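Notes follow once the structure below has been shown.
Here the chain labels run A, B, C and D in written order, and each chain numbers its own residues starting at 1.
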Amino acid sequence: MPAADTTDRIEGPVSTEVQTTTYAKAIAAAIRTAMQDDERVFMAGEDIGIYGGAFGVTDGLLEEFGEQRIRDTPISEDAIVGMAVGAAITGTRPIVEMQFSDFVVNAMDPLVNQAAKLHFMYGGNVEVPMVLRLPGGAGTGAAAQHSQSLEAWFAHVPGLKVVAPSTVQDAHDLLFAALLDPNPVVVVEHKLLYKREGELVARATPGDSPATIGDAVVLREGTDLTVASYSLNTHKALEAAEQLAAEGTEVEVVDLRTLRPLDTETVIDSVSRTGKLLVTHEAPAAVGIGAEVVAAVAGSRAFDHLLAPIVRVCGRENPIPYAPGLEEATIPQTEDLVEAMRALAAEDV
Amino acid sequence: MPAADTTDRIEGPVSTEVQTTTYAKAIAAAIRTAMQDDERVFMAGEDIGIYGGAFGVTDGLLEEFGEQRIRDTPISEDAIVGMAVGAAITGTRPIVEMQFSDFVVNAMDPLVNQAAKLHFMYGGNVEVPMVLRLPGGAGTGAAAQHSQSLEAWFAHVPGLKVVAPSTVQDAHDLLFAALLDPNPVVVVEHKLLYKREGELVARATPGDSPATIGDAVVLREGTDLTVASYSLNTHKALEAAEQLAAEGTEVEVVDLRTLRPLDTETVIDSVSRTGKLLVTHEAPAAVGIGAEVVAAVAGSRAFDHLLAPIVRVCGRENPIPYAPGLEEATIPQTEDLVEAMRALAAEDV
Amino acid sequence: MPRLDPSEPKGAIEALTTMWTIRRFEEALEDLYSRGMLHGTNHLSIGQEAVAVGACGALDEGDFITSTHRGHGHSIAHGADPELMFAELLGRDTGYCGGRGGSMHIADVGAGNLGANGIVAGSMTLSVGAALSQHLLGSSAVVLCFFGDGATNEGSFHEALNLAAVWQLPVVFVCENNQYGMSMASDLSTAGESVAARGTAYGLEGVQLDGNDLPAMFEGVANAVAAARDGHGPALLEAITYRYRGHSKSDRNLYRTQEEIEQWRTERDPIARFEARLLDEGAVDQEAIDTARQAARERIRDAVKAAVKAPEPSVDVLEEAVYASR
Amino acid sequence: MPRLDPSEPKGAIEALTTMWTIRRFEEALEDLYSRGMLHGTNHLSIGQEAVAVGACGALDEGDFITSTHRGHGHSIAHGADPELMFAELLGRDTGYCGGRGGSMHIADVGAGNLGANGIVAGSMTLSVGAALSQHLLGSSAVVLCFFGDGATNEGSFHEALNLAAVWQLPVVFVCENNQYGMSMASDLSTAGESVAARGTAYGLEGVQLDGNDLPAMFEGVANAVAAARDGHGPALLEAITYRYRGHSKSDRNLYRTQEEIEQWRTERDPIARFEARLLDEGAVDQEAIDTARQAARERIRDAVKAAVKAPEPSVDVLEEAVYASR
């Protein structure tokens, strides 16, 4: 096996030494390793071949695995996802890249009525091991139809699992976890994370990934208040927490990582200690993931420890606008979090 | 104008005397009155003509208004809703009947990426006055692909309005409100409500409807705890409240009626008085409407009045099963509400 | 090699027996329904038996089918056990789906039946994926995809046929054109000359077959299956047939005349035609035909007897039923 | 009556000026982008100008168009003001959408431009509804629906064409076949002989047009528009053309050769061809052509100048911008 190299692309399998790379490359490395490890794994999506994917994630995979396993598709989201369901129930392991998460609107039947329900409806006589990658989120000036964060829909559907990694390592490890899972897993990827750098221990085989679907993690410990988030906003929360630390307020940051099933225990534990909760994500607040986190806490043993109303700092209730100023105002910025944390910390008890 | 009659079908416009009729006929009467009142109103959907609609709601409309305005469509949900959007922005007022709410998965692009966003994306230079009726819900043995309650998805989308009437009168009045609204309105109708009888004052013209989108209503006053619900579950909540009254517990029942924009004030007021909240709906709890109601209260001034953890009694986290026993166990029954209310009322303060 | 050969007596009797089994199965459902023993929705294919039996007979062991909301015939023709189907429709623990699916979701993936589907055209894109995985896994299995005339107006029909065609996958698309999509006459809802004519859009030469003529169905599908197996890609077949019963129980049949129904029943019934033909050709005698009918009747009677005795599923199964675990 | 008549000098010069205006508009966008003044995504139609100008010229006042993500040309050809388009692309308050929409959502509904659309094939079903409402309102307006070759593999294409055909609505579907859907060559992604051939599925006789030949585009669309207006239903036209620039800024053009691009540019450029033809025919002289070019250049220069001075939208607008109110 080739050892880890320092070239532009990570070749998998690789040694287990720590290296610095991007979120996109960590995903690519996981796909590569999984495809080398298991003949049944293949990819399908729009422009994932020679083009390398709209965000460059699959760059180089076509040359390495050929067009049988890296399949460029027509612009037919319904057929792409439906095809993946049919392939998954008959012995292969499809990974689908939806070019922008917004286009999944064209594939809701195969995802929700088929993939999510077949195992249950068929009395357990079938498994649907497929992975659907959804690049979403705002911040690129792509406007309302190319910037949505739709994860709340999928987290509402029994039969689906939803992960939303924020770190380079989790993007790598959770993709393996998704691939090894016998159920359909939606992977929420924020476009602005792709170029973000971080440390990665690239796994030699999917089985080496320690990640488990359904486990949140405390990325920063604190005693004054708890912040729960996922994907890009986890980083904004960490930045804001850093600023508050300078002011003497210790914020505990919980990275949810999985949105269905949601690891409410980790949040409840934290809030039981801090007594205050702030939830943040880019999607609009109304009936979003944050609402579920709040409801889980408000209905739990943590209720008795709550010292202040629970705060949500989420996207504005409007479509994502094109103009930079309007787009920025629509999604929660680190500064908004700093202010909200300050206010919550100041709530006298 | 023909006066109100006592025949099987309600002819609109009708006198304003109170009559007893079904939820389905109250909707039909509203459609009829609206079509007589405004030439621009038309209907489109699968089998809404000679067949009268899968649930009989449009029975008789074809004979009265002809096939130009009561349009049977091919089985093409994407085109039906997309067509409605195109018609709405060019001068007409489409009412679309989705045969089963579950099939809206095939029309998420025109609904979410087009109808919900055009007014905003086009800088306010267009209006999208369309109504989308969604017969949903379980209880008929139609299994997982014909029994879903998907309203949480739509309530998460800025640009859409969502109503979910529980009473015969509201089904009639809110349809008028939806038709007079210059925005796309999704009407959530539970199949089991169609045959349900209630009192109706049929409006002579749409403008006579007093209903406003965005207003919840307290259907039963109580001092011990607040129950918030909508659509079919409002009736289960009222039945359960009746039983608890016999035990000396006074339950206040709030019928949300509109799910977007949600009338959180009415719930917050009630909870501020009762100190306890239970939310119930048929859809799964995770990231459902109930989560938003809880989050709105937990983040409000009502927080200081909360005496116990907030309870959700919702559908189980599994697809709707076919077998009667399994289906019944999946959706909240009146008995489940009675028990949950009892437990919540008993929480010592 | 097709598993059935209706051109020789043994195969002919087998096909006849299966057609009778399907018809008796659905008549038994009507009976159970009228006796209040059957809840929920179901869709009967009485009158369309030759499509299912002819098409599935043209498959080989290891091939797959995807089916529709009107799928009882497809399942039986593909080898399903009527007892387990009744059990499913009766919501019993022993049913194909443990009572979780009902009529619209009967499946036996292990046996190559990828399932009925409650979504019109919902299984069409799945069939393409099943064919792709067989191709990737080096199997020579073919996928037979059933769908109705109404389904041809769904975007899924279009995307599935295009994808199967550009990837040259072994999917044989069989449209059961029973003239109506619920209450919509096919020619009112479907532009163009015919469903078969839509093949042009995908470079496929669509073929129309007499769906009420068993040998014709068998031969047409057998040819398409052979070509698909030999790597010549997908096929689009249109079987002309007719539904005798209403779309479902709520159907008042206002969109068609009794005469029309009667004409198809009396002049084009697939079972009667096949029996007459066999006698004409002297392939089999009346006694053999009576035995076949009798066998079907008894099989169904016994199946119902056994199914109604089966236990109902326990609510405890729900907790673990949503997600597969390794 | 078409609003343009390229067969006489005045109309020809008008068409030429509009083609130049579109090209200069998009070249100006490239310039703004390289100077870091333009953010977000946009898709250039340089090389496809004759499709937009020929097709929109065949419309009458009061007719509608629906457009795509590559819609600058459609908007300008339908009469949009470049200054307001620049303002929109620069995210200014004075833009067509007040800066909320950007390149992919430029619309002017009042003027009959129902909008660009960021969703491939997303405006196709809308065009059917616009045609239906005109029919119901007793108007004789026609809807011109632009879409790309890649869009023909979306289910929406299929459902829209079928619905327009069964309802016989006045929609003229114009496919801009520029050979690629992003990186996918049309013949790799699209089964069947051609996009035009897909008309058969809907009983439409699809027609191929040379999309780089302005008079041919104009005539082909004018005929379809006249027929649609006379109640003969929808039409499917396929304009063969070519995109010179990458799909969008991130495009490395790895899926095609420089030779291919160069060949289209040098041998089939729609503007150069039209100018040469006009001179050949002696319809206009070189001076008139130079004046046209000059006019376009100046119009664009002035438009940019004005647009960059426009104010940015205030965040306060967001609150009230989501829902229309009465």
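What we mean here is this: contacts are C-beta pairs under 8 Å (C-beta built on N, C-alpha and C of every residue); 3 or more make two chains touch, one makes a residue touch a chain.
Remember, it's a predicted structure, so these values are computed and weren't measured experimentally.
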| item | value |
| --- | --- |
| Pair sharing more residue contacts (C-beta pairs) when B-C is set against B-D | B-D |
| Most widely separated chain from chain B, with each centre as the mean of CA atoms | D |
| Separation of chain B from chain C, taking each centre as the mean of its C-alpha atoms, in whole Å | 37 |
| Intercentroid distance (Cα basis), chain D paired with chain B, Å | 41 |
| Intercentroid distance (Cα basis), chain D paired with chain C, Å | 46 |
| Centroid spacing, where centroids are CA-atom means, of chain A and chain B in whole angstrom | 32 |
| Residues of chain A engaged with two or more neighbouring chains | 73-74, 76, 78-79, 102, 106, 109, 113, 120-121, 143-145, 158-159, 316-319, 321 |
| Numbers and ranges of chain C residues touching at least 2 other chains | 97, 99-101, 105, 117-119, 122, 153-156, 159, 162, 166, 188-190, 321-322 |
| Chain C-facing residues of chain B, complex | 46-47, 49-51, 54, 56, 72-79, 102-103, 106, 140-146, 316-319, 321-326, 329-330 |
| Chain B - residues contacting chain A, complex | 102, 105-106, 108-109, 112-113, 116-117, 120-121, 143-145, 152-153, 155-156, 158-159, 260, 262, 283-292, 294-295, 297-301, 303, 306, 308-312, 316-319, 321 |
| Residue ranges of chain B in contact with chain D within the complex | 40, 42, 68-69, 71, 73-74, 76, 78-92, 94, 109-110, 113-114, 118-128, 158-159, 161, 180-183 |
| Chain A-facing residues of chain D, complex | 39-41, 88, 91-92, 97, 99-102, 104-105, 117-122, 150-151, 153-156, 181-184, 188-190, 250-252, 254-255, 312-313, 315, 317-318, 321-322 |
| Interface residues, chain C side, partner chain A - complex | 64, 66, 95-101, 105, 107-110, 114-115, 117-119, 122, 124-134, 136-137, 155-156, 159-160, 162-163, 166-167, 321-326 |
